[in-house]
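Chain naming follows the written order as A, B, C and D, and within any one chain the residues start at number 1.
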């Protein structure tokens, strides 16, 4: 059993035009930088991308937008990107906006083998249009379908060669959920350790969910809102 | 904010007759020994207990059965207990048997604010009787309601005073799920550490879900099936 | 009239020891600066953190550690990280005691609109719809009128709704507002602001005896 | 005729490198002893473990480390623990490649009954209903006939069902059986057992050309 790929290019090489992808990360935090860069190099097109955000103009999914590789974005917040806006207004790009918690839970549902979930988020709003509602205990919920993806691209902090993943701080966000939802899950990691080096009690995603591993180097990890304390604050 | 109780007796003192409880553990592994012992001392009755198993005759929930404190058990497997069988056959005790994964997921649903879940487990069996079914993607699922409990009694390995919990090995089992599902969650722990001593990346249940903490000592941790390797195996 | 810090300080009076609190972007974030000494309040950031601390000192920013506004932050001892499903799980199951967020409009019945302006580029609702659909105690912090001078407390929302009948309290630069079956209820006036002045700037139905107390801070 | 180890060894031929496997109590557990040298197979225990190892040496039993049969076990390097919801989540989402379990009855259409005998004390289904409802490849290991000498391969189950049309293969002491639209299909005979002998002991419809190969192990 070998899950380790030589590099991100090898790991994403069989992603075809029209594929549905999940991409981990919140903002630019915890995004699979190297897999995105490799995807840009492949030139694959007509992708449906499920990702909480759509990157910025020159980083993250923004690079894929620049290459006109994305046909549809399924996200909760997409506001940081001029090229995104241009493609959306020109009709090149389709966007489905859904509440962040709904997005997270619909991804989780796939990894947990649940075909659909109920959530109150969006009841009475545009999000509810055309969706089935149901009352439980006097409260109204929307029925929301699980998200599935041909490939999930996630970024982890550490992994062992069995595919066990550990995430760091808030770079965890959507990554474990998407890792568990992918038909094929590609995890790029900062550090590959020996089996047994990770605390078996502290694995975020067991290797059964992870099909391919790429060790990434030279992470840029760009910060969107560098906010610091001032001495008199 | 003080979540720490002097002992298990203090932590369970306000559990009243007729309450619905969740009790963590799989078999006798990871059960809240001290809270169960304290419950037996209170003599509280007519309890509904949601727990994967019902203990053995002289340990775990078996002690509560001996004291005739349980009116209904909701479990997936109850086979290790003669007193249980006696009460069941005499009609003193009601039992609802549900698939283990359904039990786990119905507990999780409460902690995740999901009123119900869909699972294929039990379709076409007695478990499905009277339950709504629904087809997604050509496969039939049962609609199963979230479980709620007045009190969840769980056993963790380590905690800090904020209520962050870490479990050990397979003593984790149902404990985190029930901890997240309790209206009031009482966690008994082997070790109380300072805030910051637990790795923030490796918390199984964040303190927001935990209302009361008890530090237990002298855990018996009885083994049901002591199985060992023989030199020539 | 309250300034932004005054609004935040007023909302901070809602805090209680042991509370778990989610603070939105903008004025709500400032509430963290007014947690009373000796009171333990845990801040939840819906991207996956309980126990959020202040911004980092320059040079110690960690790109892997941000809040829901994508700002670099720190953690306090006893913090916990989790994935986004658990984060919204605790929100959805009502474990967050207090949610403070901004709004474009609030209606008499507690409806809130804060995510979309027709004709303008839509950025998305982020976690707002989840928060307002589930939080047990929702306080809105906002300016009383918009840039055109129009009341943001309305008979009903004109902008696309974020959530229905969910807001429990509104704090603006002019006062503190609750709700009854008829609409807004003036609870406290900002220092030096009359009930009449507030009524003139409130389009939604406003109940007021005219003698509501001025806001006081402990 | 196969003994228990022979049944387990026969089932072990289903294993492939990189497989994740859930083994039930009894004969299925023995399959772990026949994982070919050099093949990596991860054993899942539905109480919350991937990477189950052998039983512990006497004196090193850990009460916090048991399998789904409540036996003391060990872990292998690279193991991972998880809660019961994630455990059944991976089962339900089809991540487990092979599930081996025992049965009281298997029907021509792949129905399985293995949890309840009317009139006898019911112990519960544990995780069996979840496993059979979701696993992609389910192999049953059982004796061909019950203690009364009656076939356990039936036209339809007489005992309460555990799962519908889910079994893909059955291995008994007499042979290996698959399914087609008419019922059971004899694939291999146990050494020294004739197809006629098997047919006599099989109540469900059995397709057999009479010349099926004898079971061979690599």
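Basically, a contact is a pair of C-beta atoms (placed from the backbone, for glycine too) under 8 Å apart; a residue touches a chain by one contact, two chains touch by 3 or more.
This structure is a prediction, so every number in the text was calculated from the model and none was measured.
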| item | value |
| --- | --- |
| More contacts between chains, A-C or B-C | A-C |
| Geometric centre distance via CA averages, chain D-chain C, whole Å | 56 |
| Euclidean distance of C-alpha centroids - chain A vs chain B, Å | 33 |
| Separation of chain B from chain C, taking each centre as the mean of its C-alpha atoms, in whole Å | 36 |
| Whole-Å gap separating chain A and chain C, where each centre is the average of the chain's CA atoms | 28 |
| Interface hub residues of chain A, defined as touching at least two other chains | 105, 112-114, 119-120, 167-169, 172, 200-201 |
| Chain C: positions in contact with at least two other chains | 75, 81-82, 85, 88-89, 91-92, 134 |
| All pairs of touching chains, each written as two labels joined by a dash | A-B, A-C, A-D, B-C, B-D |
| Residues of chain D that touch chain A when the two form their complex | 17-18, 20, 40, 42, 44, 50-51, 75-82, 85-86, 88-96, 134 |
| Parts of chain B lying in touch with chain D, wherever the complex brings them together | 26-30, 52, 75-79, 85, 88-89, 97-105, 107-108, 119-127, 157, 167-177, 204, 221-229, 233 |
| Complex interface listing, chain A residues touching chain B | 105, 112-120, 136-137, 139, 141, 145, 166-169, 172, 199-202 |
| Chain C to chain A touching residues, read off their complex | 45-49, 54-58, 61-67, 69-73, 75, 81-85, 87-89, 91-92, 111, 116, 121-130, 133-134, 160-164 |
| Contacting residues of chain B [partner chain C, same complex] | 1, 110-114, 160-162, 164, 180, 194-196, 198, 200-201, 203, 206-209 |
